[in-house]
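Everything on this sheet refers to the single structure shown next.
For reference, chains read A, B and C in written order, and residue numbers begin at 1 within each chain.
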Amino acid sequence: MSLLDVDGVTVHFGGVTALERVSFTVEPGEIFAIVGPNGAGKSTLFNLISRFHEPEEGDVRFAGESLLRRAPSGIAGLGIARTFQNIELFEHSSVLQNLLVGRHTRRRASILAQILFTPAVRREEIAHRVAVERMIDFLDLQPHRDRIIAGLPYGIRKVVEVARALAIGPRMLLLDEPASGLSAEESRDMQFRIKDIRARMGVTVLMVEHDMGLVSAVSDRVLALADGRVLAIGTPSEVQSHPKVIEAYLGTEAAAP
Amino acid sequence: MEILQLIVSGLANGCIYGLIALGFALIYKAAEQVNFAQGDLMMFGAFVALGLTNDSHLGLPFWVACIGAVTAMAVLGWLLERSVLRRVFGQSQIAVVILTIAFGFLLRIAAGLIWGHDPLTLESPIAGVNQHFGGLVLGLDELTVIAVTLVLTAILFGFFSRTKLGIAMQASSQNQLAAYYMGIPVKRIHGLTWALAGAIAAVAGILFASKGSIDPNTGLLGIKAFAAAVIGGFGSLPGALAGGLIVGLIEPFAARYVASGYSQIAPYAMLILVLLIRPHGLFAQIHAKKV
Amino acid sequence: MRTTFQTSYLQDVRLFPDVRRAIRYAALVALAAALPLVLDDFLLGEATNVLIWAVAGMGLMVLTGHAGQASLGHAAFLAVGCYANAILMERVDLPFVASFLAAGAITGLAGVLIAIPALRLHGIYLAIATLALSMLTEDIIVLAEPWTGGVTGLVAPDITIAGAQVDRYGSPDLFYWLCLVVALIVTLGYRNVLRTPLGRAFVAIRDSEISAQAMGVNVAVTKACAFGLSCMVTGWAGALMGHFIYTFNHEVFTVIISIQLLVMIVIGGLGSIQGAYWGALVLVGIPQVINIARDGAQAALGSSIVIPGIETGLFMAILILFILFEPRGIHGRLEKWKVYVELFPFCRRDMFRRQKSYLKTERMR
């Protein structure tokens, strides 16, 4: 069974078509990339999965269960984590605190127990801390552990956001333009990290990305969107050489190797 | 006939609220700042005019006092932006809210120190002159208030929707950095907006003081006008006027038909009601944030 | 700079990160407990007042400082707590401890009830709605005369705890200790909340609602929790305030009090428990400072100077200075000094430079 099944979804904003009967599936363990020019509907697709937008028709199923019955805050609990295009971290908290918010769905204690800070809460906190520390190790964030987000450079924030998403302990990770705004080196680091995430944590990755270099280096399959419609699905090289894709937005330039 | 009378006096009061609300809306539209001191600016403007024209004070001609008060308040608004608000440029809205609340308090104390705490009346040519239309008695002051308000709103509305500067002002509020990159002098525009809001406050103050007495606490009226601005939908100029009129009309009717105790409650109850039904006011301009 | 070396995860989970800090706070509590032995009745009353305002400040701090929901209407919840406590003691004949706890629960419930419709409001609109609420409180107290005594008001009933008469005038030291115990319990609970998922969820919805949701934080429930806890604590402060001022009517809990409370925590430092205490200290301290200055001026000039509203004026002027020069309040300033002293002489000027930020419209939500 596919992990994610997007089934004929349509979204309009006013008179503008954001998505028009888009369907695709993501298999467990896959790295799946969505590419397309600005306004193609890539972020809308993510926001649909995060339940920030409501589709007019179609369905989105995760591990067989429809997401449409869930509230936006119920998505993380299913094991879907995400990052944001423009980084949405908790600016005035430390890296550690940000990552601990990722453990929110794993909390067990009642509000009263939390106010009293019972021994059970204490044990839970230490368990959260151990889990978060693993993410910090995994993504090499040790030097920044106690620093406030507002003072961190852009490249580090991008990594922190990925770490926070992973702290959820997700089955699927949505990365919204993970390499945008990164230097060539940082972008290459990100490339290895994405591969690592799948290899070492067994997390399925669905990402939106402009950088075709990154996309072809990491993804198993690519979906090309334009004006809210699916142009092509296939391996990176198949999609890149697809005549419709070249014509629609990659232009003649990208056809050259 | 009694209802008509209530409507006219309600409209006149509503126009005052509307004028103050216009000041709120103006600043919000152009600078996306919320100025809680607008009511106190109005009070201060009224006192400046009073200080210039009343016989017990300087005794200048009324129109000189009007020009003087409007100019003085425009300068005060500009100075306020220049010296205080510019420093919190880019900080959260709540910082500006608290800052302007504090500034309102200081204005109130200053007014008390200069002009005392007893209620005073502005010696104005439009005060106390009545026009009779059949059985209807209309004060010239009420008619002037309504006329001036309508004209001012129309001018401002035209300014924002037709002129280049007005559109630049709106742009600068929606994304300061982008507007700055587009060559819009964001800071100068903010200064200009505050000057304009100060001038409008002075007009409202002069009209209000012509209708009745003022004292330093008159500025608290601003809170009611604030309710009006929100009912209309922040940042919408016709909305501000409409909100003002709604609040102005509710009050006398609630006092007349419910109980006098309820006329105080009515505007705020109305405000809460509107916020619950339409969280951003009746004439809202809200779009979803893009992530 | 003193660095605490981490040897176990427990260190971050503990109440105090190191022994030094634990000792320092223990000494502070001991000092506070010993105050009745040194201060005269008047100053002890002022100290009690500081504690009550600090409790109220902590109530608002959790909502505004941590959950990011600005309220300009917390005087309404002070009033609910104050009246609920007095009515329960008088009419239902509950002992103080029971009525006090119940007053907090009732106020908390009222807060949740207010929160449910207010969930749809953001930032400035929430501030306005709560302001309107505060404006209504006065009139509602007058209209609810059979319960609240209307314009005449109520007199706070006598408190008896374990056979001892606790009275602000008769036994000011006992009343002070009562307030101290309440303040300590609230502080401890507050601190606990901050180091658990609930507190982190508060900060999360303050800084980014959208990513809080993506992390599985239910924004509506979290906001309702913040309102509930905040109002419960504010209600307790209201109950204590009722006993402190002894008689109260509709004129006590005005919108001015709401504004003062918000201003107080901004001066103290938003987003820190200590900020509530610092703010309360400033709020209660200002009239004393003015009195001293006035006496001095009278002695020097031979005539007394009375400026109506000078207390509020000075308070507001201090606020303006803080927003302009130290938006993180007294607590933030002290933290910076501490770093400066610890690093001396290696502190660089731009270590504390604020990052330039540009405002984007909040009309886009």
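In this text, a residue touches a chain if its C-beta (ideal position, glycine included) is under 8 Å from a C-beta of that chain, and two chains touch if they have at least 3 such contacts.
Computed from a predicted structure; not experimentally measured.
Peer 1: Tell me, please, which chain's centre (mean of its C-alpha atoms) is farthest from the centre of chain A?
Peer 2: B
Peer 1: Using the stated contact rule, I'd like to know whether B-C or A-C comes out ahead in C-beta pair count.
Peer 2: B-C is joined by more C-beta pairs in contact.
Peer 1: Give, as an integer number of Å, the spacing between the C-alpha centres of chain B and chain A.
Peer 2: Centres of chain A and chain B (C-alpha means) sit 48 Å apart.
Peer 1: Could you grab the centroid distance between chain B and chain C? Build each centroid from C-alpha atoms only and quote it in angstrom.
Peer 2: One centre to the other, that is 32 Å.
Peer 1: Could you state the distance in Å from the CA-based centre of chain A to that of chain C?
Peer 2: Those two chain centres are 40 Å apart.
Peer 1: Where in chain A do residues touch two or more other chains at once?
Peer 2: 52, 84, 88
Peer 1: Considering chain B alone, which of its residues make contact with at least two other chains?
Peer 2: 290-291
Peer 1: Which chain C residues sit where two or more other chains touch them?
Peer 2: Chain C, residues with two or more chain partners: 210.
Peer 1: Under the touch definition given earlier, write down the residues of chain C that touch chain B in their complex.
Peer 2: Chain C reaches chain B through residues 70, 72, 117, 120-125, 127-129, 131-133, 135-136, 139-140, 142-143, 210, 255, 259, 262-263, 266, 307-310, 312-313, 316-317, 319-320, 323-324, 327, 356-365.
Peer 1: Okay, in this complex, where on chain C does chain A touch?
Peer 2: Those residues of chain C that touch chain A are 9-10, 12-13, 15, 189, 192-193, 195-201, 203-204, 206-208, 210-219, 225, 229, 271, 355.
Peer 1: Can you list the residues on chain B that touch chain C in the complex?
Peer 2: Answer in residue numbers: 32, 34, 84, 87-95, 97-99, 101-103, 105-106, 108-109, 112-113, 117, 173-177, 180, 223, 226-227, 230, 234-235, 261-262, 264-265, 268-269, 271-272, 275-276, 279-280, 285-291.
Peer 1: What part of chain A is in contact with chain C in the complex they form?
Peer 2: Interface residues on the chain A side: 50, 52, 71-77, 81-82, 84, 88-93, 96-97, 100-105, 107, 109, 111, 114-117, 121-122, 125-126, 129-130, 133, 150-151, 164, 168.
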